[in-house]
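Chain naming follows the written order as A, B, C, D, E and F, and within any one chain the residues start at number 1.
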Amino acid sequence: MFSLTVRRHFMIAHSLPREAFGPAQALHGATFVAEVTFRRRALNQNAIVLDIGEAGDIVDGVLAGLNYRNLDEHPDFEGKLSTSEALAEYIAAAVASRIREGNDGAALSGLDVTLRETPDAWASCSLDFAAGEPGPQ
Amino acid sequence: MFSLTVRRHFMIAHSLPREAFGPAQALHGATFVAEVTFRRRALNQNAIVLDIGEAGDIVDGVLAGLNYRNLDEHPDFEGKLSTSEALAEYIAAAVASRIREGNDGAALSGLDVTLRETPDAWASCSLDFAAGEPGPQ
Amino acid sequence: MFSLTVRRHFMIAHSLPREAFGPAQALHGATFVAEVTFRRRALNQNAIVLDIGEAGDIVDGVLAGLNYRNLDEHPDFEGKLSTSEALAEYIAAAVASRIREGNDGAALSGLDVTLRETPDAWASCSLDFAAGEPGPQ
Amino acid sequence: MFSLTVRRHFMIAHSLPREAFGPAQALHGATFVAEVTFRRRALNQNAIVLDIGEAGDIVDGVLAGLNYRNLDEHPDFEGKLSTSEALAEYIAAAVASRIREGNDGAALSGLDVTLRETPDAWASCSLDFAAGEPGPQ
Amino acid sequence: MFSLTVRRHFMIAHSLPREAFGPAQALHGATFVAEVTFRRRALNQNAIVLDIGEAGDIVDGVLAGLNYRNLDEHPDFEGKLSTSEALAEYIAAAVASRIREGNDGAALSGLDVTLRETPDAWASCSLDFAAGEPGPQ
Amino acid sequence: MFSLTVRRHFMIAHSLPREAFGPAQALHGATFVAEVTFRRRALNQNAIVLDIGEAGDIVDGVLAGLNYRNLDEHPDFEGKLSTSEALAEYIAAAVASRIREGNDGAALSGLDVTLRETPDAWASCSLDFAAGEPGPQ
């Protein structure tokens, strides 16, 4: 099993308006450091999992829709909680959708998105394409 | 699959009194940076794996019993080697035991404890609750 | 010359409403990792720069006024830009003010505040008490 | 499940002479930070996965054959692309081969090699010995 | 005193052909993580040291001339040793030269370039413009 | 101004037996990550601050006297508090003493020792040889 990871970051404002979130109910924000891992059982003919430039472009494309935004007013999060876990799932689904169009995407077996919100806390979402979770086709 | 990780640290003295451990047979110590990961197949109704405050409290509670201690005199390690791997297992079991009492604990599918003892070495213990390893019930 | 540094973090929303700030004019947010360094020419009678618990409490006290806030509505930043540099200066001044009250504060020669806003960018503010910059008296 | 990881680094020159690699077709180089993880289902009689000194020696031995080399002229990469993924696989296979000779090697269930080439990109290769992938016997 | 730092990286091949450099006499390579710090006594009218986009562009422009290159064949290093210290000085001088043209450059009091070549070793070069070292005019 | 830094680590047990140290009065321990910086105004004829192998050997030699030790029983700390600050000063003085014997030592203008005891706390000691602080002669 092989994997390639690219790391990026994005900065957002948001609130988590439920009592369970305590002080995070107030409008605040975060720098999320995103690590996106592409998994593949065997390397392609160029001895890689995926072109690293293509991988970076895919992630940049997805994060551009979030960076410098107030998620409380983002249409994709209307009526939804933008927790770190939910954001990781959103990014994973969006990356999976975009890799369908690439040459190598169909060969990927899964991907992982880790979002680091502070040095002391992070959340991840993993998609396993072989298990029928949403991915490239 | 989702996960949430909280990071903490604790500082202990100990020795590893078997010839195989070379210079670590002497009384020395370590700062252990502990990363505790909670895994869950689907998010709860608050779009999270576990309340991050609750997760931190559980880990803090377990580590409070180790921090600023000499493990050579700690009752839980009497007659046992307090290697990084053994400490990771001890912490994983203690965290698993505490999450049984929480509302969300029963939904967790596993947890991972990584203990970083230097920038160049770390050990992990993973529990898979679905596989019958000790966990919440 | 000696120094002691404590690291904390806080999460805020803000905007930088001038054309020069490009996309950062929009309401967004950041996790700021704050490193606060206390400097002293000679150690005190306990062979330290400052009690690390006291240092942490001072920094925690200052950051509590910022954490989980929207700085656009924070009275201390009314009519002011909350850039990383300005925030570093604000924190440095507030820490300097609080250490005046401590036993060891008068002996400090300066302090530095570094705010890391992404893995790729950070800003610092240094105060040199001997040079007449605002500090403990 | 337990694991032990040791971290090392090595510095090489190489080129990736196919059009798909863009600017990396030119002779350039990298510092690779290598994290080698040894996995085992149960700890041995010393409450460890593997002697950490032995683990480090194995990894050092493998990396010594790569460090300060131009991989374009390295016999093991003749006619092969020395991508990060290919290097991770090469190191994983070499480590697996060397642990066959150790006392504890036969008990390992797998190993992972992660190579960090920049702060923003890394590749991994995982071998699962139980699944019949090349490993200790 | 204020500062702003931007971090980037570049990947090069080179050799250090003198006996004193031991194994580094051979052609090898490195990933250099570059931290470029801009220093200024007082903030400008936008409450910053320097526009962070401009700072990043300046550093990117300088590093573009080094990235994916074999420094043994780079005209700027002909007959010179491309040690980490020498590279830090080269980058500091090039950045200083480029900031002369910016609006804010004249107000800078100095800059620092740190090049991290492995997790365990780094070199820095600092220029103090007030002390007459080469800088903006 | 130039500098070269080498990073190492060591693991010790100790206690801080004064009431002011709270829970750290008990026997505990730490992993100290040591960053030792050598400063010099101009580079030597090999375009370096100091041979990095020599720098590492000097630091290794000093830390070998501390690693895997209980500082409460170390003769150099008899009757002294082994705080992070005191340890940084001890290491700085020992490194300064050893560089006197090296060829390049006399040209150094100072050195800095930073000891990271947790991800959230570190202490430093700086020696400025030009200012008459103990150093190479």
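Here is the rule we use: a contact is a pair of C-beta atoms (placed from the backbone, for glycine too) under 8 Å apart; a residue touches a chain by one contact, two chains touch by 3 or more.
The structure displayed is predicted, hence computed values, not measured ones.
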In how few steps can one go from chain B to chain C if every step must land on a touching chain? 2
Could you label the chain B-chain D interface same or different, taking same to mean over half of its residue numbers are used by both chains? different
Between C-F and A-C, which chain pair is linked by more C-beta pairs in contact? A-C
Averaging over Cα atoms per chain, report the distance between chain C and chain E in Å. 27
Mind checking the centre-to-centre distance between chain D and chain F? Centres are C-alpha means, answer in whole Å. 33
When the C-alpha atoms of chain C and chain D are each averaged to a single point, how far apart are the two points in Å? 42
Would you mind listing the residues of chain F that make contact with two or more other chains? 7, 119-120
Contact set on chain E toward chain D in their complex: 7, 9, 11-14, 23-24, 26-33, 67-70, 117-120
Complex interface listing, chain F residues touching chain E: 1-8, 43, 46-49, 51-53
If we count contacts the way the header does, which residues on chain B are in touch with chain D in the complex? 18, 20-22, 80-81, 83-86, 88-89, 119-126, 128
